[in-house]
Structure formats: C-alpha cells, structure tokens
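Chain naming follows the written order as A, B, C and D, and within any one chain the residues start at number 1.
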Amino acid sequence: MSQLLLIDWVLITALGWLSIGMVGVAFPRNFILNSRILYPLGAVGGLVLALIALTGIFASPQIRILPLGMPGLPFHLRLDALSSFFLLLLGTASAGISIYAAGYLRKGDGTAPGLQCLLYHVFLASMAFVMLADDGYAFMVAWETMALSSFFLVTSEHRHAEIRRAGYLYLLVAHVGAVGILLSFGVMAGVEGDYTFDAMRDFSSHGFWPTIAFLLALFGFGAKAGILPLHIWLPEAHPAAPSPVSAMMSGVMLKTAIYGMLRVSFDLLHAQIWWWGVLLLLLGLATALFGVVFSAIQTDMKRLLAYSSIENIGLIFLGFGLTLIFKSFMLPHLAALALTATLYHCLNHAFFKSLLFLCTGSVLHATRERNLGKLGGLIHRMPWVTWLALIGVLAASGLPPLNGFASEWLLLQSFLFTSGLPQGYLNMLLPVIAGAVALISAFAGFTMVKFFGIVFLGQPREEKLTQAHDAGRLERIGLLWLGVGCILLGLFPNVVIVLLDPVTRLLVGSGLRGTAGSHGWWLLAPISQDRASYSPAIFLGSIVIFMPLVYWAVKRFYHGRLKRVPAWDCGFPLQTARMQDTAEGFGQPIRRIFSPFFKRTREHPSPFDSQPRYLSIVEDPFWYWLYLPIAKIVERGTQLIAFLQQGRIALYLLYSFITLLSLLVLTRG
Amino acid sequence: MNFYALFAQLLALVTALILAPILNGWVNQCRAWMQNRTAPPLLQTYYTVSKLLHKDALLAHNASSLFRVAPYAIFSCLALASAIVPTLSTELIFSPAADAIALVGLFALARVFIALAGMDVGTAFGSLGSRREMLIGFLAEPALLLIFFTTSLISQSTSLSTIVATLAHRDFVIYPSLAFAGVAFTMVSLAENARIPIDNPTTHLELTMVHEAMILEYSGRHLALIEWAASLKLFAYSCLGLALFFPVGITEVADPVSLAMSGVILVMKLAIGGFMMALIETLSAKMRIFRAPEFLGTAFLLAVLAMLVHLLLESGK
Amino acid sequence: MIELACVLSIPFVTALLLGLFGHRRGAAELNSAGSLFTLLAAGMLTIRVIRDGPMTLFDEQFFVDPLNVFLIALTAFVGLTTSLFSRPYMRVEHDHGRLSAGRLRLYHSMFQMFMCTMLVALSTNNLGILWVAMETATLTTVLLVALYRTPASLEAAWKYFILCGVGIAQALFGTILIYFAAERVLGHEGGALLWTHLDAVKDQLEPTVLSLAFVFLFIGYGTKTGLVPLHNWLPDAHAEGPTPVSAVLSGLLLNVALYAIIRSKVLVDGALESHFAGNLMIGFGLLTVVVPAFYLSRQKDIKRLFGYSSIEHMGLITFAFGMGGPVASYAGLLHMTVHSLTKSAIFFAVGHAAQMAGTQIIDDIKGLLRQSPTIGWGLMLGTLAILGMPPFGVFTSEFMILTTAIKHYPWATPILLTALGVAFAAMFGMVQGMVFGKPTVRPLPHNPALLPVFAHLGLVLMLGVWIPPYLADWYRQAAKFIG
Amino acid sequence: MNPSLIQAIPLSGQVINLCAALMLLLGFAMLSQRRILALINLFMMQGVVLFVSTLVVALTTNQHHLLWSAGLTLVLKVIALPYILHRLIRRLSVKWDIETLFNIPTTMLVGIVLVVIAFNVAQPISQMSGTITRSTIGIALACVLLAFLMLITRSKAVPQVVAFLAMENGLFFAATSATYGMPMVVELGIALDVMVGMVILGVFFFQIRQQFDSLDIRHMERFKDK
C-alpha cells in the first residue's frame, strides 16, 4: 500500500486499544498506571476513532484484506458509511466512558485492574472489528470475542453467586445467538459457500431462503439486542457489571446488534419483503412496551435502566421495521426518514443511557447502594451528578429540546406520513402504533421521574447517605462529555441528519439532506416546512430567555425575600424520611394497571402482625413460560440418554455386539 | 418573517398572559353560580397572584435548588406553549419552531418539572402527588398526541398553524372523526388541568389531592408563578380545543383589523367554553384515583377510534 | 531413514531404561529427556518429509506421508508436554502416598512404551503391525489406568481391557478380510498387508469383502476412538487413571485410532466407488456428537466430564471425515490437532486443580481463580476454547465443518448445533462454578507445570487466527490424499 | 454340500473342513458349558484343533512360516494358556460353577441364529474364495460371534477371559486356514499380545479378588450416569 487509508487508521486505533490492554496486563497490579494513564489513553483512542469515522462517513468504501484468518478466507475488512457511523457512535461514547472509567476505577478485590484494563480494551477493539468485518468468519470472530470479553467484565465481581449466574446466562444467550448468526451467514453464502460479504451481496438467493436468512439473523442479533423474548439476560447482566461496563454494553454493544441487523437486511439481502417489516414492527412494539412497563416497577436502579434499554431497543426496532416496510414498497424517501430516525435514536440512546449508567456508578460509589428504597436526597451531596443525571433523564423521557425528543419526533413523523401504502391494513395499523409509541415515550417519562426523584430528590432514606461524596474530576469530565453530547445532539438535529445522509443513501438509496438541509441549521423540517417542523434552538432559546426575564421581573417589581422553615407536616407531627414514597410505592399504580404483565408473589401483613412485613416480588414471566420449560426438556433428554450408561460391562458388550450384527446385516442385505 | 407575524406573536402571548387568569376566574364563577354559591370576583386569580407575590417565599430546609428553579421553568414552558397555540392568527413566528408534537412535549416538560419539584422536599404528600400526576400524565399525553395525529392526518401536517388553517378555511365538510377527537380532547383537557372528575382544584384534603399535593410546599412568588402557570395551561388547552374543533374566526393574515376581529370572537368562544367546562365539572363527581386510568383509557380509545374513522371514512382510499 | 529409526527407538530404549531405573530419582527427568529427543527426531523427520516428500522405509514396513507425519509430530509434542506436566504431578501423588516408587517406575516405563506404540502405529505401512501396535497400546494403557490399584481404577481398567480387547479383535478380523481380499490381487508374498500396495490396487479389490472388512475395522478401531455406542469404556478410563494418562488418552490414543479408521476408509472408498464408508462415519459421527452432549450435564467428576467432551469431539471429527472433500477433511485434520492440544491442556489444568482440591468432584472445587490465577485461567480459557469460542482454533475447524455441513448435509446442521449448544450450557456452567467463586482449594506444595498448558493454548490461539502457510498446505495435501 | 463337491475337495481340504466343523462344535460346547474346568479343557481342545488345521495347511501349501505359527499355537494355546488358567483357578480357588446371565437354552438358540447370520455374511467371500477351504471364513466368523456371545453372557472374570481367548482362536483360525496365514511378523505380534494380555489378566485377577474379594464382575458396576 502506498499511503495509509482511513480504514488503516481505524485498524491502527483498534490495535492501539489492544496494545493499551497489553501494557495494562503486563503490570496487572499497578493501579496508577492503569487508571491514570491507560484509560485516558483509551479515551483519546475513542476520540481519534470518532474523527476518522466522521471523515469515513463521507468517504467512498475502502477495503483491506489481512493475511490472517482461515485458509482461503482471510480477514476481509471494509469501511463504508454504515460502519463509519457506528464507529463514530463507538468512538464518541467510549471516549466519555473511558475517561469516566479512569476516575471510577478503585483499588478493590475482584479482577486485577490490569486484567480489567485488558478486557475492557479488547472489548472496545472487538466492537470496532465487528463494524469493520467484511466476511462471515471475521465477523464471527470479532462478535464472539466481544461477547467473551464483556462476559469477563460482567463477572469481574465473581464472588457473588448471582453475578456468576448473570454472567452464565449472558454468555449462554450470546452464544446461542451467535449460532443463529452463523447459520444465517451459511444460508446467505448459499451453494458456493463463499463467506465474504461481497459474495453474499452478489449471491441472489430466491424463494424462501432470504426469509430464512433474515429470520435467523433476527434471532441472532435479537438475542444480543435484547428483543423479546431473548431479553432475559439483559436485566441480569447490566446490574452485575461495573458501571462503565454496563454503560458500554447498554450504550454501544446493543447497537452492534442493530448494525448487524441493518447490514444483513439492507446490504446483504437485496429484496426486502414487507411483512419482515411488520414482524419487526410488532416485535419492537412488544419489546418496548414490555421494557418500559418493567422498568417502571423496578426497585434496583441499574435494573431499571436495563429495562429502559430494552424499551429503547424496542423503539429502534420499530423504526427499523418501518424502514423495511417503506423500502419494500419502494418509497425511498420515507424509508430514509424512518431510517434516519432509527439511527438517530441509536446515537441518542448511546449518549443518554451511558450517561445515566455512569451516574448510577457514581451513586454506587458514593453510597454502596443500588436499591432505590435506600437512596434519596443526593442532590444536596452530589450536585454535579444530579444535574448531569437530570439532562440524561430529560433526554431519556423524550422531552424537548434534548436529543431523545428529536429522534422520537422524527420517528413519529415517519409514522404519520404513511398514508398511501398499498396495504390497507398497514395504513390502519401504523398510526395506531404511532399512538403506542407516544404511550411508550410518555411512560418512559414516568419511569425516569421515578428514577431521578427517588435517587436524587427528597430526604436521604438512610443515615449513611449524608456522607455521600460527589464524583471525582475525571468522572465529571466523562459525565460532562456525555451530557453536553445529549444537549448538542438535541440542538442541532440537521447536522446529524447531514451525517446520516450517506448512510441512508447507502442502505435505502435516498437521504434527507436535500429537504432538511434547505432550512438552515436551526430548523428541522424533514419533508417540508408547512408539513412538519421543529426548531430546538428557538425552543431552548425562548425558554432560556423567558426564565431569567420572569425571574428578573419578579425580583424587580416585588422582592426576593426568602425564609427557611421546616416542611409543612400537614398536621402529622413526626414526618420521617421513611414516609416518602418508595420505589415500590411509586410503581404501585403501574403494577395495578398492568398486572397481567407480571408474575408476582406478594405477602400482605395481617392487621395483627407484631412486625408487619410487606413483600412484593415481581418477576419476568418469560422466565417461567419459556426458559424453564426448555431447561426441563433438556433435563428429560439427559435422563433418557443416561439410561444407556448402566455400568454393566455385559450391557456394554451387548451394545457393540448388536451394532456389529446390525451393520453386518446392513452391508449384506 | 414579517413584522405583522412578530406583532401577532407578541399579541397572542400578551393575550394569553392576560386572559388566562380571567378565564380561570370565569370558570370558577360559573361553577359557583351553578352550585348556588356566591361567586368569587372574576379577577380573583389576579388578586391571589399579586397577594402571593407580595408575601415572603417560605422554603423548607430540605428544599434544593431544583425546587427553586422549577416554578420559573414551568411558567416559561407554559407561556411558550400558549404562545405556540394559534389563538388569534395562524401566522406566528413560533409556529415553525414547534409543531403539535413539540407542543405536547412542552406540556410534558412542564409536568416533569412540577412532579420533580413535588418530590424534592421529601414529604409523603409531595411524592404521592407527583406519582399520581405522572400516572395521569402518561395516560393523557398519548391520547392528546393521537388527537393531534387525527387532525394532522386530515390536514397532512403536524404544524399547528397548517392544521388550524386547513380546518378553519375548508369548505364545509363534516368530519365524524373530529367528533370523536373532540370528546377525547375534552376528557384529556379535564384531566390535564386538574379538574373534576380527575382532580378537584379546590380541595385541600390531602389524600384526594393531585395537583395541590405537589405544590403543597410552595409559597410566595413561587406559588404565584405556579398558579399563573396553571391558568395559562388551562387557557392553552381551551384555545387549542377551540382552534381545532371550532376554528371559526382565526385569521391567516395578521393585520390589526382581523386580529381585533378574531380577538373578540376568541373571547366569546372562551366564555362559552368556560361555561361548558364548569357545567361538566358540576354535573360529574370526582372519581377515585384508580378510576382515572379507565377514564383516560376511554379517552385514548376514542382518539384511536377517531383516527380509524378518519382512515376508513375520510381518507378517500 | 535414520530419523524414523530414532523416532521409534528412542521411546523404546527410554522405556526399557525406565523399566530398570524408573523408581530412582531423576526418572521424571529421564522421561522428559526421552520425549524431548523423540520430539527432535520427529521434527527432523517432518523437515525431511517436507523437503523430499513421502517415503517408505525398512523394506516398506514403515512409511511417512503428509497424513501421518504431522500426526507423528503432534504425538511427539504432546508426549513431551505431558511428560513435563507429569513431573510435578507425579511428585505430588508420590508425596501424598498414592503411588509407591515401584508404581512410578511402572508409570514412567509404560508411558514411554505407550508413546512408542503410538508412533509405530502411526508410521507403519503394514496393517497387521498397525493392529499389533494398537493392541499393545491398549495393554500399556490398561496398566496405566489401573495404576492406583483402587477398586475404581481396577474396574475402569477391566472394562477398558475387555471392551477394547473385544473391539480390537473385530479389527483383526477386518484386517484378515482385507488380506484375504488383497492376496488374490497382490499374490502371497506381494505384501498384501502393505498399505501402499493396497492403495495402489484398491480399485481391483473385491468390494463386498472390503465393505465387510470395513465394518469390522470400523467397529474395532471405532471402539478405541470412542464412537457411540462403543464408547462406554472411555469416561471411566479417563476418570480413574492418573491425569497425564487421561491427557494422552484423549490427546493421542483417540487420534491414532481415528487415523486407523481413516486409512481403511481411503482403501474402502477406493474399492467400492461408493460413499459407503463415508455414510457410516457420518451416521456414527452424528450419534457420537449428540449423545455425549446430553451426558455432560449429569457429570459429577470433572475428568469424566472432559472424557465425554472428548467423545463428542471425536464424533465431530468422524463426521467431518465422513463428509469428505478438501474442506471437510482439512477441517477434520485441523480439529484433530486443536482438539488434542486443547484437551490435553485442559487435563493438565484439571489435574492440578484436582490436586489442589484433593478431589475430582466438581461441586467441591471452587474459586481456582483466587487461589491460583494461572491454573484458573488455564482451565477457563481451555474450556472456552474446547467449546468452540473464537479466537481459538477449535472455532475455526468447527466453522469449516459446520459450513460444509450447511452446504452438503443441511439436515445435519441443526442436530450438530443443538448438541454443541447443550454441551456449551452444561460444561460452561460447571467450569465457571469451579473457576469463580470463593476458594475451597489449597495451594500446591510444588509450583505447578503451567508451561504445557499455556504452550498448548497459545498454539491453539495461533491456529485460530493464523495458520502457518506450510502447515496449511501440509493439511491441504493430507486432505487431498484422504479425499 | 452335495457329494460331488465333496469328491472335488482333496483330503487336506476335507480335514480342514472337519476342523472347522469341530471348531464350531467346540464353540457351542463352550457356550453351553457350566463348569469352569471343563470350559478350560474345551478351550484347550479348540487349541488342538487349531493346531491341526494350521499344520495341515502348512503341509499342503508348503509355507514354512505356517509351521512356525502351528508350533506357536501348540505352545501357546494348547500348553501355556490352559496351564496358566489352571494354576490361576487353583490359586484363586474358583472352581465353582459358572452362573450365566441368561439360561443356557436361550443362549444356544441365539447362537444358532448367529451361525446363520455368520454364514450368510460370509457367503460372498466363500464364493470368491480361491483356497480349497471354502466355508472356513464363515465358520471362523461364527466362532468369533459365539465367543462374543459367551463373553456377554458370562458374569465371572475367568470365563470371560476364556471367552476372550476363544475369540482369539476364531480369529487365528480365520487367519491361518482361510487365508493360508498372514505374514510372520503379524502372527508373532498377535501371539505376543495374547501372551502379554494373559499375563496382565493373571495379575489383574489377584488385584480384583483382593479389592472386591470375589471375581464376580457384577460387583464392578459403580460407574453409571443414570
């Protein structure tokens, strides 16, 4: 090669990450080196990657073939707009998370910091390779390496049995999913059995084969993304992992599944069938609804966020399905709109969800407490984390002018402009689903208010919380990075749309740049101005002008006098912190309304209990309806087969004897 | 943007700020009459607000900075909202800045802030109120959105101005969907504005309070702002309803004459609307909080029905 | 010439020496030295073959070609690492008083004798000698399995002896049949048992006789390979023998038995012009993949667990060779290599772990990672490798096998994948419990031999991401030649 | 076979056929034998028959190495092994009757079926057999299968070993009489293996008895996965 292409730079960055990990594992116990030097270096790597990807989005696709890998199938790598976009996501998010992790890392038992450093950076690098891979084998290797490294990160506190269980469940589901992906590649490789993506692109399979490939890929990537009913690992693994890792997994790793799904269904498969889209739509709807309902009733803050990730994945898949439908009905512009909304939401979710997870990390460090029922009033002790968390919360509940709203707005728009599909039912269905999306986002608002209000507001529910300390400097930098990201992404949607334009052109052959760009950076009008428009800048601007104005006016014409008094006790003399609404209490209406969703076991105290206890456990029904039965079936199978192994030598001899005779008869007859 | 648009925008804003408390007073008056009580004066809200403004603000020891920011945020959100709603004219500067969806988002923003403020001090009743408010909110919000969807399907746009313009200046067509949407909207706006049958604005029995429970800790200027904001919200909703379902007299061109014209019409419409609302409130009884989901669920279903009706009967396909 | 002579004689001589001095101190070193020289000789032999191609030696009684030379090198390598591992292992056993000096002598000499028989079996050109070598291998390993003389080990050894003895007898009958068919073509003195000659005339051999012969050979050598339902001796023998023996059983003996099957397959397919042998192998391969997968979850004994896993992988390899064709045979050979490397590495780690815990019961071994991170990681990585996790080589071969299966035998793919999935769930759960958690194990008196473990895993890792070109085309030649 | 064919076969062939028949007969006898000493004697007689047939083959087709293997048979199968077995039995004092897992008549019936199968399987081979001894392969196979059956049905260690050796006999018979002998190396190797195996087993018996204080292998059923 004469000069280094962009793809080489991506490779160099990934290798840089790997080498950082190597250095770390070379000095496993050297705390200062790992936390103060290596992780920040990793963050720099993230920034570099983001810059490369930024240019890569607009560059033409580039290809490299490494002299590694399988005989006859060396590692093919390819950098196009799609992979660049997801690399951008990876780089930007990981930059914030790594710098946070540098501050977050503490001297403690569990995995040695050096080893953790290695695993973390292998995790990053493997995700980068997933985006780059251009043949089935390289993809699988990167994919499984990603799963493995994240598994070890999840189980870094492996002394606790439940964390081991979570890790086991996670790796198991990941592995099964990987099998699905492998099979899907196998189907797409077809009779030639050439596993390069190029060959798959050229290979025009017909009949039901594309559908089978699509369904297998959906299974595989759905398992990683946490689509119903394969979400089971997600709420277990996220709380188990250290917070930067949960941020990484929820913010970025889930998106690799989206990437893979996009790659398969738009790039590798040519003809999309409309009911694929409907399937995705319904799956996404179910997932989002399930996720948000369950996140509303959680009492563990990281579990709450994990379920909310499931919800967001559901929303993303909704957009995805819509894109498929439009694409299959040859409506490229609408497809571009829906796809833009989808990808935009991926980016936003990466930012606000990582932000929130990192905030829980700081809370965890300050209080050693994950249970919502034991937190509260942290705004006084840790203002930084609180206000940054507020940004994340507002974004997550899809409120203007933050980024969450922008993508959901686009999503709703793409739902609203559907009239005119050849499928009458779809025309009916889609607006109703739009209503459901509205319900989900409003519900997310409920959940987020619960999360924020109970963790940060009110009075401290425990004595120790009054000693809580705010996040350290490095942690603040990380949080700030992500928070500011949320705001900027919310304020300049057109910039993002321009970024997404090449991607949508690549996948669905159309883009929003022409229409959206025409109104200047401040006005977002994907179709046309009098049809729908939204300008977060004016929005925020007017609020920002208005508030001080009112403040000043009140001060100016009246007074700013203020007295501190005890809170009004409504005539109940002793008001303790325990009387505040607990997480269970806040979720109670939801438990009541959506009771069919849950599998709950509850104990009510009788009026005569000397020490009344109220117990209410809400569990995931899928575990009981789906997973345990499967386990039972396998168990039964083992029992049947184990019957062969009786321990009697005569019996064993009989086996070989019968085998011999039957084979002889077989050959003769 | 031309000068008139700016003028119309400012005018709309000022009208909202002025008329909102009066509308509130008017509704209370009507209700009092119907209940054979001596009515409070029409400007009662003004009196309350100014009284509160003069008083000192009492702040609980535990109250945080968020608690103090919230009133301003809520007030400005709702003011902006009422500026976006086309009250007099459809030619506004802000109209491209925020369409129907953004308007709903704006209401939601205000709601989230007030709910957080309610939880901030950490009394039992504050968080109770916030919980109920959020519950009502997440059921009402999608219903409202669906209503907007129906209208925007009719007018092929989600920008309020376009919607209202199309609805106002269509040659007379009967939209059955709008009937459903209208009923749904009424229910939603009752719920959103803390009105009977969902909430009782005049109660102070803690266990039944929703809105009042959240603002229990507020006093002085903060409370004043919140009260004013509440009336603004009511005003915004009423104007929205009128603009969507009785869009008569809203001008497209923003010249003074037609603006004044439409101003007069608006006042008349508001008077009637307020009376109707008072009537509903008097005739119905407040329901238990867990009946609220059913109520709002009905509204949601009506909204869905409206959309389906539109797609079936009116989309022409 | 001289290289092969060394390869075959060094272990034999060492075995005799150890038979005399095996109980003295330094026996373990002598053992390792012998294996080292064997490896060197094997390496030179390999180089020689790479340079001037296949050759037959000792008036054609022995020969080396791409297929067996790489197995010879592999065998010598694993033999060396195992001897390295067994040095500290046996020392601990001796200190715990589980083995007397006399037993150590027996162990050392029998180990070398076993290596010798393996190498003979691999390098001989004479099917009869192949049989004799296999039988001798059985006898030596029976002694090794029964080394502890506990009831359990005796029972295991007895079953091993009877089952394999009977199986091997069938193989002899098969050999006789081949001879019977061949001497009519090649004449009496025409070396009717010499594989090279047979290969030359295989298309003239009588098909029906050959198919019968193959049935007998398949049953016979299949018993040693551990094909279901002939496998029942294998888990017992693996569990009860000393761990180095389990390592070589899994790592070498099974391979060699499979090698014998492959050799006969080549002949039979050539004679029959049909896919008879292949189909047979596919069928038994599938059965052998599926059944052990379901056994795994019921195991209490860690070595027994990995014994079953070896059966499963043998099934996979058999399936691969049964499918035939350049890719599948390539994958089969690769899988043979990576499996024996990985599995022996796992057994090394397991051996140390069991010594640390003082038991082989899975539930009583916990928290290896905290007590001795190297052993813990060795076991964890080895298990992940054997379960087919990239970037380890096992994944590469399984990928090739699966993709070929998808292409030619789609119906078989779901079965294979189900089995692999079940195996993953079962084994990983158990090993995770052993590696993670609060330690119940004590540190070892002597520092363990971890070089073998990580040398093997390193090689497997390398084969996963990069197969050296000469190794690759070596495999390719062998695969072409298996067909 | 019809008489004409019998005429066609020279004397030596007829002798070998006779031996084959005897082998089969002895196989059945062993299968049905309850007493352990008698079993060993039967085994010895089988050895004798084997020796004779090998000798005949060696003399008719003057291959000297077959003489060697005949001698080997004589030494090993007629003298050494029975002697060792006798000593073992005396040392282990296990002269009792053998209880079988199935009753004898059933076993015999199964044995007949086996013989039929064996002949059927061996038929094509006999068709193409160039040697004068046509059916010997089939009979050898039958012997092997019968021994296999015996191995399955016997529940004590010693009879199992005898059965094992009987199987070896059948193979030997196939090797020598059917195919006029394998190369010398191979036969030596086989013989050696049998010898060594026997010795090892002898050692084993004592170990087993010491550990389980019985030679009943039904004590050895500890490893099971059910």
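Things worth noting here:
What we mean here is this: a residue touches a chain if its C-beta (ideal position, glycine included) is under 8 Å from a C-beta of that chain, and two chains touch if they have at least 3 such contacts.
Bear in mind the structure is a predicted one, so any value in this text is a computation, not a measurement.
Common neighbours of chain B and chain D under the contact definition above: A. Highest inter-chain contact count (C-beta pairs) belongs to A-B. Here the chain at the heart of the shown protein, by mean C-alpha position, is A. If you average the CA atoms of chain B and of chain C, the two centres end up 79 Å from each other. The centroid of the Cα atoms in chain A and the matching centroid in chain D are 71 Å apart.
Centres computed as Cα averages put chain A at a distance of 36 Å from chain B. Separating the CA-averaged centres of chain C and chain D is a span of 31 Å. Chain contacts: chain A has residues 642, 645, 649, 653, 660, 664, 667-668 touching two or more partner chains. Shown for chain D are the residues in touch with two or more other chains, namely 121, 124, 148, 151, 217, 220, 222-223, 225.
Residue positions of chain B in touch with at least two other chains are not found.
Contacting chain pairs (ordered by label): A-B, A-C, A-D, C-D.
Within the complex formed with chain D, the chain C residues making contact are 61, 126, 128-129, 131-132, 135-136, 139, 142-143, 146, 149-152, 154-159, 161-162, 165-166, 169-170, 172-173, 176-177, 179-180, 183-184, 188, 191, 193, 206, 208-209, 212, 235-236, 239, 295, 298-299, 304. Chain contact summary for the complex, chain A toward chain D: residues 639, 642-643, 645-650, 653-654, 657, 660-661, 664-665, 667-668.
Those residues of chain D that touch chain A in the complex are listed here as 101, 114, 117, 120-121, 124, 145, 148-149, 151-153, 155, 217-218, 220-226.
Looking at the complex, you find that chain A touches chain B at residues 376-377, 379-380, 383, 386, 390, 394, 397-400, 405, 409, 412-413, 416, 419-420, 424, 427-428, 431-432, 434-436, 438-439, 442-443, 445-446, 448-450, 452-454, 457-459, 523, 525, 529-535, 538-539, 542-543, 546-547, 550-551, 554, 557-559, 561-570, 572, 575, 577, 579-581, 585-586, 588-590, 592-593.
Every residue of chain C that touches chain A in the complex is listed here, in rising order: 158-159, 162-163, 166-167, 170, 208, 211-212, 215-216, 218-219, 223, 229-230, 232-233, 235, 276, 280, 291, 294-295, 297-298, 330, 369-370, 384, 389-391, 395-396, 399-400, 402-404, 406-407, 413, 417, 420-422, 424-425, 428-429, 432-433, 436-438, 464-467, 472, 475-476.
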